[in-house]
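This is the structure, below, for whatever I ask next.
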Amino acid sequence: MRANPRFRWLPMPLHSLLLLTVWLLLNNTMAPGHLVLGSFLAITIPLLTSGMQNPQPSFHKPFTIIRYVFMVLGDIVVANFEVAFLILGPNKKLNPAFVAIPLEIEFELPITILASTVSLTPGTVSAEISEDKKWLYVHVLNLTDKDELIAQIKSRYERPLMEIFQC
Amino acid sequence: MLKTAILIATVLVCISMFLNLWRVFIGPSRPDRILALDTMYINSIALIILFGIASSTTLYFEAALLIAMLGFVSTAAMCKYILRGDLIE
Amino acid sequence: MEAIYAFCVGILTTCGFFLVLRGRTFTVVIGLTLLSYAVNLFLFASGRLKLDGAAVLGQSVEYSDPLPQALVLTAIVIGFAMTAFVVILAMRSRADQGNDHVDGQIPEQPSARLSASDKRAG
Amino acid sequence: MNLLWVVLLPLIGTLVPFFTERFGRNLCALSVAILPACSLILVLLYAGDIFSGQSLRQTIEWIPAIGLDLSFRLDGLSLLFLLLILGIGLLVILYARYYLSSKDSMGQFYAYLILFMSAMVGIVISNNLIQLWMFWELTSISSFLLISFWSNKSDARKGARMALTVTGAGGLALLAGLLMIANIVDSYDLDTVLASGDVIRAHAHYPIALVLVLLGAFTKSAQFPFHFWLPHAMSAPTPVSAYLHSATMVKAGIFLMARFYPALAGTDLWFVLVSITGLITLLLGAYIALFKHDLKGLLAYSTISHLGLITLLLGLNSDLATVAAVFHVINHAIFKASLFMAAGIIDHESGSRDMRKLNGLMKYMPYTATLAIVAALSMAGVPLLNGFLSKEMFFAETLDLSMFGSLSWMIPLLATVGAAFSVAYSLRFIHDVFFNGEPIDLPKTPKEPPRYMKVPVEVLVALCLLVGIFPAYIVGDLLSVASSAVLNGDLPSYSLAVWHGLNIPLFMSILAMVGGITIYHNRRHLFQFQSHFDEQDAKHVFEGVIQWIVKATERVVETFENGSLQRYIFLLLMFTLVMGAYPLFSLTENIGTREQIPVDGVTITGAVLMILSAIATVIWHRRRFLALTFLSVVGLMVSLAFAQFSAPDLALTQLSVEIVTIILLLLALFFLPQNTSKESTNRRLSSDLLVSSLIGCVIGTICFAILTMPLHSISDFFLANSKTGGGGTNVVNVILVDFRGFDTLGEITVLGIAALGIYKLIAKMRIFMPTRDDKGRAWSNDPHPMMFEMVSQSLLPLALLVSAYIFLRGHNLPGGGFIAGLITAVAIIQQYIAHGVQWIKPRVKVDYQWLIAGGILIATLTGIGSWVFEKPFMSTWFDYFDLPWVGEFELASAMIFDLGVYLTVVGAVMLILANLGKLTTSERISIKEND
Amino acid sequence: MEFWIELLISVLIVAGAVFVFVGSLGLVKLPDFYTRLHGPTKATTLGMGCLLVASMTLVTNQNGFLSLHELLITLFLLITAPVTAHMLAKTALHHKLDIAEKTHDKALSKQARKRLNP
Amino acid sequence: MSHLPILPILLPMLAAVLMLLPPLNNSISRHRFFSMGVMFLLIIASASLLLTSHEQGTQVYVLGGWQPPFGITLVADRLSTLMVLLTCVLGLGAQLYACAGDDKDGMYFHPLFMFQIMGINGAFLTGDVFNLFVFFEVLLIASYALLIHGGGKQKTKANVHYVILNLVGSSIFLFALGILYGTIGSLNIIDMATKVPLLDEHEQALAKAGGLLLFVVFALKAALLPLHFWLPKTYAAASAPVAALFAIMTKVGVYSILRVHTTIFGEDAGALASIVIPWLWPLSLLTITFGAIGVLASPNLRLTTANLVVVSAGTLMLAIAMEREAATSAALYYILHTTLVTGALFLIADLISEQRGKAEDRYVMARKMGHSKVIGIAFFMAALTVVGLPPFSGFVGKILILQSAHGLVEIMWVWPVVLIAGLACLVAISRAGTTLFWRSSGDAGAVEPLSKLKLIAVSMLLIASPLLVVFGGPITEFTDLAAAELHAGPAMLDAALNSAHEGGKQ
């Protein structure tokens, strides 16, 4: 983490790339005019907002990122079916629980991404993070095995994230 | 077929909206109501998308995008209100 | 459809005016907000209703009347400015007078009057 | 010939004392006298013409719209009054020089006096109805100032107010009367009016006009029942009384009657109103005068009585009586002015006006006493003095009356009775003051006044004698020209002689003398009899009535203007209801011919949701957070409705405004009660509900009627010209930034002003900070949840990008500066909510005020830019450019305008919300939870 | 429009709507706030996803060029939904809302509420 | 082309905006000099606009070059330019007064003041009903902000009432506009006037409702009974220069009725002709009555003045109700006179308050007033004017109005009410004056310094009164022409519009 970053033309290159992509998505076009305009915005907006960003660890291992994204998407699809059946089924069958998951991963952005992933995937919601950021409290809709859940989250999501952020 | 699908979908979403409103009505807690309201925002997006599909226009895409962006802020603000009273402190 | 629309406008108007007639600033603000919804819908209706007729050239076959839409836009913005002002004024009033009654003071013995009238009503 | 100067000279003279006051009393008085004297000389120069039977006129156009011209006439009547006004005025100036003490502001006094004099001059030489009225009111005003000259005295203030109120009321009546007369004859010219007596008297409005004019005259001349103000005006300095209350102001009413005599007199109505009023006043004044212990009080009632006499004479509709009236005007002015002056000298030199204390002054001031006695005898109507002559004429006239039929004999009898009382109070004046033993407890030892203070009295008393002995030589011509001016025609034959032989009038005089002496001799019984009646002090009654009126009005105001907003709004809504509903009764059919859109499920869903939520908002309005939640639903549904009915821009705007509003309401709700108990009675609730639902019905009905009606509007123009003329395909946006861009400019100005106003409201706010929520729970200990912080800051660039997108496409597709501005603002607010003010402060160094101003400035300058191209404000410009590689793109001035809109919106919303957030930051107290 | 594409779109639409519906149904049906929280936040993400993909496909098919901008809505929803859930859970914890009887480790909610370690 | 018609709107707007930006922001003295300079410019601009409209006929400014009725037009005829000039003159007086120190009691006084002027001028000049709404809102929001200037409980409370009532009013305004657009299909006042007679029976009923609802809004602004109850306390609570400026606010309502209801629903409107007149008659008479009652009941000079504003509003409405040229002309003269004098009276009330210690301007015994001579003269002048006594302008106005009732059946109501109300005012004002200036408890106390600037401001407004009399001839001639122009109906303005088409786009 850099405290007080020097002024740079591209304070957040990844961000800029994302913004350019979003711009093109928004306009549904690859027209050169929009490329120019989009690039312009993709450079100026991060410049304008760089002051508003708490510095965060940077991304590494782009392939891991992509793999992670698709894995999560897949999990979301599967999870939704599970949850759908749970909801449609009788309430009696539910087995809700609070689970505390110990965190190894550090820093705000990675933790946020982890917590979000947990929320997005089936049957779990990140309810709270302990003040020292060492524990993630999760509410589970239908708990079968607590330890398995913890292990799954740690291996499936926390590990890749730690790789991506190298922390 | 598409029309039928849209019809079914619209009916489902409309029912969902009623269910949301029902939850807003009965609560019982404020978080319940906020949750229901948030869901209602999402369902409205669905409705708008369906509407867009049905009338094959993209004019309402921005409305959906805006609900996605702003609905979140509204929900978060309501939560913040309950947690801290003061939104901006 | 027109009947439903008009009915909604009527209901919103009723609710808005009823709340505006209450004695607390916040409630009045809520009422004014409802009222502004009614007003905007009403003003919009002066251009008549049309489905699939957004007034964007090339996007629709038949266009709805764009002028009332522009007017409503202006009205929304102005209404927003006014609501913002009156909200803060409500706060200021509470801060200055210690209560949020529109008259700056809570009418005397509301409970006594209330129970009496309720008895009569009951 | 320049009659304007006759009034203008004294009017200018009003300013003189302010400049000369500092040069000492003598110079001041002298300088003050110069201009009125010039005016008098001017009048005397014209007098020859008048005596030769002419009357002079001058007209300068002024405000034709109200019929007001500067129009003057100088005829016999004017001449007579001018001589009285200016002549006695000059004497009063001299007298006042000695009367006023060094503590009194002489300049002020003289200014008021001269102002009054000018006003009187103005009245008597007016030849225009409005102008006459104008000066008439000026006399009321200046007399108010004079009466209240010693303003620290409560009596003076009250007396002045009373005089002003009564004469003011009369003035208004007079105005109405004059306007009616003017309408009858279709001219404001006095000549025309006086020449049209027959037309006026024959007109249906004559009685009203007459009554109104007489009200003016009677109030001014202190006629019954309006006489009560005059005695209380005696709290004025004596020169004022001498001038106003004997010679001039009270005579203005008489003048008025005399002036309008040709136009209004001669009818039975005139006779009944004027003569009976005069008679009652004559008797009442004479009777009361006897019982007054105050010297000036006695003189005041005596004045009332004599004015009654003159009025009675004018009311008799007889030419001779009229001559007598005019004659008595002269005589009364002379003797009464001298009497007032004498009374003033007595007051001045002895410190009292109470006749119970003043005794035997003959010994202390023999010279003054002699003068006063002569004047008093004239007042009593003793032969060889002027008072005698006009009284004789009066008696003679009363004998000729037959109007009252078989009761006509009562008039001479009553006249004699009045005269007897007149003799009695004159005797009392003489005997009680100058003889009757030694003075009792006087503040000062009485002595003769300064030499020149006596001069005015001497002059007047000399006139009493001269007129009394040589009437024809001294006033004969004057009386004849004046009388003929009043009669506006030939004079009757009369003779001005001291001795007419032994006739009934003489007998009546003798009877009055004897009667008067008898009354005075037996005055103790009379005083005793009178003491059985509580003396109703008019001042108290008058003040009481005024107080009562004020109290009553206060009650009315309290009842209606009770400070209840709910009541005011209720009234407003009732009014709205009536105005909205009333025309609908003529709406026979509320379904128009327009084809209706078939109902579909989505719409019904939306409608039902909207209606239920709106009703829920109302039902739970006292649980505010809940109400707010329902309000959000309604807002969402409204946005969806706009989307449904082909208004994407509206949907977007409504949505973004909705969210900002909710945030704002939440911010405010923190500082307000969360829940309130039931406050309105069921009755109020039901009446409120009734009114609001009726209005709802009206609005709904109208809405439906309009929706089902075919529309012929100007909108095709916008659709046709949007692209070609405005360069955009989003017609709504082109209307906003181009066709009706001026509205938008106003709209962002409103937003900017609102932000400034809110900032102003916040700046001085001392707010209560709830330390717990409505259920008594402590607040959460996590002010900035980490996840929210992280996500918010990641969303910021994205949101800004979307906002740029919305902004840029606005001209051609739904979007635009306003929505983009709101999105930006919401994104920044989100940062505030997530991170808090402290965090943001060093990171955002934008002055939101500058944003607002800059935004409006940019928008305005875009509009002004078109001036360069000789186009009207806000003429837009656009063109298409083709750059290699980039492709074709459009540049439009409307975009710059929209940028202004964008900046203003961002600035305004941020100025409001960010500063609202700052309210509490420094002083937040955390309550630890104790569980 | 080709049948397969129409079929795909129709299926996506119906599926999306079903998920939306199930989410809202859960909101009404489930026993306590914490379980209700699962319904909408999850079902709607996929529900919306399906609908948006359907829309995307349709527009792409109609216009002849790739229309991806609906992805943005999904992106926003994916980013924001967990935070919404988190904030709501926080409020629920803060208000000590009733937790369904049979929930395991109910006591953990107290620790979570104070953001302490378990 | 001449841009004169828009200057009365743009000048104050730009001035306000520039005062929020460097280098003018943050310095009250710069604000003062700048805004005074602008005010002088404004007066020059509006005076020349008035002369132009007088000599060359109605000036129609077509904004954006969009031909009416499609674009927004500004219509600078004699009536509107007269009102604009009046606003600027009153504004200058209030502003000078404020510059003596009242402007420091809160933020943004001068920018808000300028915005207020902008809004008022805009409302007077615009020829478009929706644009009228916008300018109403501009002037209202500025007035909301100005009303709290100086702070204090009373102001807050008054503001709550004022703001909420006016927000309801604005909603009704929009309802009315919706109806009018929905039936007539246009927003340009002149165009609406030409279309109104062509409506079918069905549309007429609705348009009538629209017109009457519009009347409700204007009546609220103009303080017509029963919608006037908010006014006295609100005006009395405002700080002096603000109250003085507010003297024109009710006239905006009066003007709007005059403009909208005489043009759109005027004599040529067929079935919709004169729809408000039957209501205006009794209401205006009652307004005068209640205003006079309020004047009598007022416990202090501010309230008295505020109630005098109500009386004058009622009188003006009465003149409008007579629906004839002479009456309109009378109303115009009366507006000039009453606006300036009530404005001055608010300022004088403040001067008096300063000198009387805790008693302020209440009618109670107090310490002897300092500077009582100067202030007394000013008060005396204002009092005579306001009561309608000669030699000041009040009597001309009153006579004009009385005269214009000749030949009407209602004269039997008009005259007594106007005259008796005048008497009530006379009684009240004479009591007020004698108490304030003469009823003192002896000690002079500490004499507060009397600001020269304040005195200049007051004299500037007061001097108008004798000037209105001295130049009564030409002024009434002007108002006669203005009234004739207004009553000539849409045809005349249509011609003006058509001439403005040239140079427009398309």
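Which chain is which? They are A, B, C, D, E and F, in the order written, and residues in each are numbered from 1.
Heads up, the rule we're going with is that a residue touches a chain if its C-beta (ideal position, glycine included) is under 8 Å from a C-beta of that chain, and two chains touch if they have at least 3 such contacts.
Predicted model, so just to flag it, every value in this text is computed and none were measured.
Chains making contact with chain D as well as with chain F: C. Between the contact lists of chain C and chain D, the overlap consists of B, F. Comparing chain C-alpha centroids with the centroid of the full set of protein C-alpha atoms picks out F as the closest. For the pairs B-E and B-C, the larger set of C-beta contacts lies at B-E. In whole angstrom, the spacing between the mean C-alpha positions of chain A and chain C is 41. Taking the mean of the C-alpha atoms as each chain's centre, chain A and chain E sit 15 Å apart. Centroid to centroid, with C-alpha atoms defining each point, chain A and chain F lie 62 Å apart. Across the assembly, chain B contributes residues 10, 17, 30, 34, 59, 65, 69, 76, 80, 82-83 that each touch 2 or more other chains.
Counting partner chains per residue, chain C has residues 16-17, 20, 25, 38, 40, 42, 45-48, 51-52, 54, 56, 59-60, 67, 71, 74, 78-79, 81-82, 85, 89-90, 92, 102-103 touching two or more of them.
Each of the following residues of chain D touches two or more other chains: 563, 565, 569, 573, 644, 648, 667, 669, 699, 706, 711, 713-714, 718, 739-740, 743, 747, 750, 753-754, 757, 761, 780, 782, 785, 787-788, 791, 795, 798, 802, 813-814, 916.
Because contacts link the chains in a way that matches no line, ring, star or complete pattern, their graph is best described as other.
This structure has the following touching chain pairs: A-D, A-E, B-C, B-D, B-E, C-D, C-F, D-E, D-F. By the touch criterion given at the top, residues 1, 3, 6, 10, 13-14, 17-18, 20-22, 25, 61-66, 69-72, 106-108, 111-112, 115, 118, 122, 130-131, 134-135, 137-138, 141-142, 144-145, 148-149, 151, 160-161, 164-165, 168-169, 172, 175, 178-179, 181-183, 185-187, 191, 201-206, 208-209, 212-213, 215-216, 219-220, 226-227, 229-230, 232-233, 275, 279, 290, 293-294, 296-297, 329, 333, 384, 389-391, 395-396, 399-400, 402-403, 406, 415, 419-420, 422-423, 426-427, 430-431, 434, 437-440, 469, 472-473, 476-477, 479-480, 503, 505-506 of chain F touch chain D in their complex.
Within the complex formed with chain C, the residues of chain B that make contact are 55, 57, 59. Listed in rising order, the residues of chain D touching chain F in the complex are 61-68, 130, 133-135, 137-138, 140-141, 144, 148, 151-152, 154, 157, 160-161, 164-165, 168-169, 171-173, 175-176, 179, 183, 546, 549-550, 553-554, 556-557, 560-561, 563, 565, 567-569, 571-576, 579-580, 582-584, 586-589, 592, 698-699, 702, 705-706, 709, 711-714, 717-718, 721, 725, 738-743, 746-747, 749-750, 753-754, 756-757, 759-761, 763-764, 849-850, 852-854, 856-857, 860, 864, 866-867, 870-876.
Chain contact summary for the complex, chain C toward chain B: residues 51-52, 54, 56, 59-60. On chain D, the positions that touch chain C within their shared complex are 563-566, 569-570, 573, 594, 596-600, 603-604, 607, 610-611, 614-615, 617-618, 621-622, 624, 627-628, 631, 634-635, 638, 641-642, 644-650, 653-654, 657, 660-661, 664-665, 667-669, 671-673, 676-683, 688-689, 691-693, 695-697, 699-701, 703-704, 706-708, 711, 713-715, 718-719, 722-723, 729-732, 735-736, 739-740, 743-744, 747-748, 750-751, 753-755, 757-758, 761-762, 765-768, 812-814, 818, 908, 912, 916.
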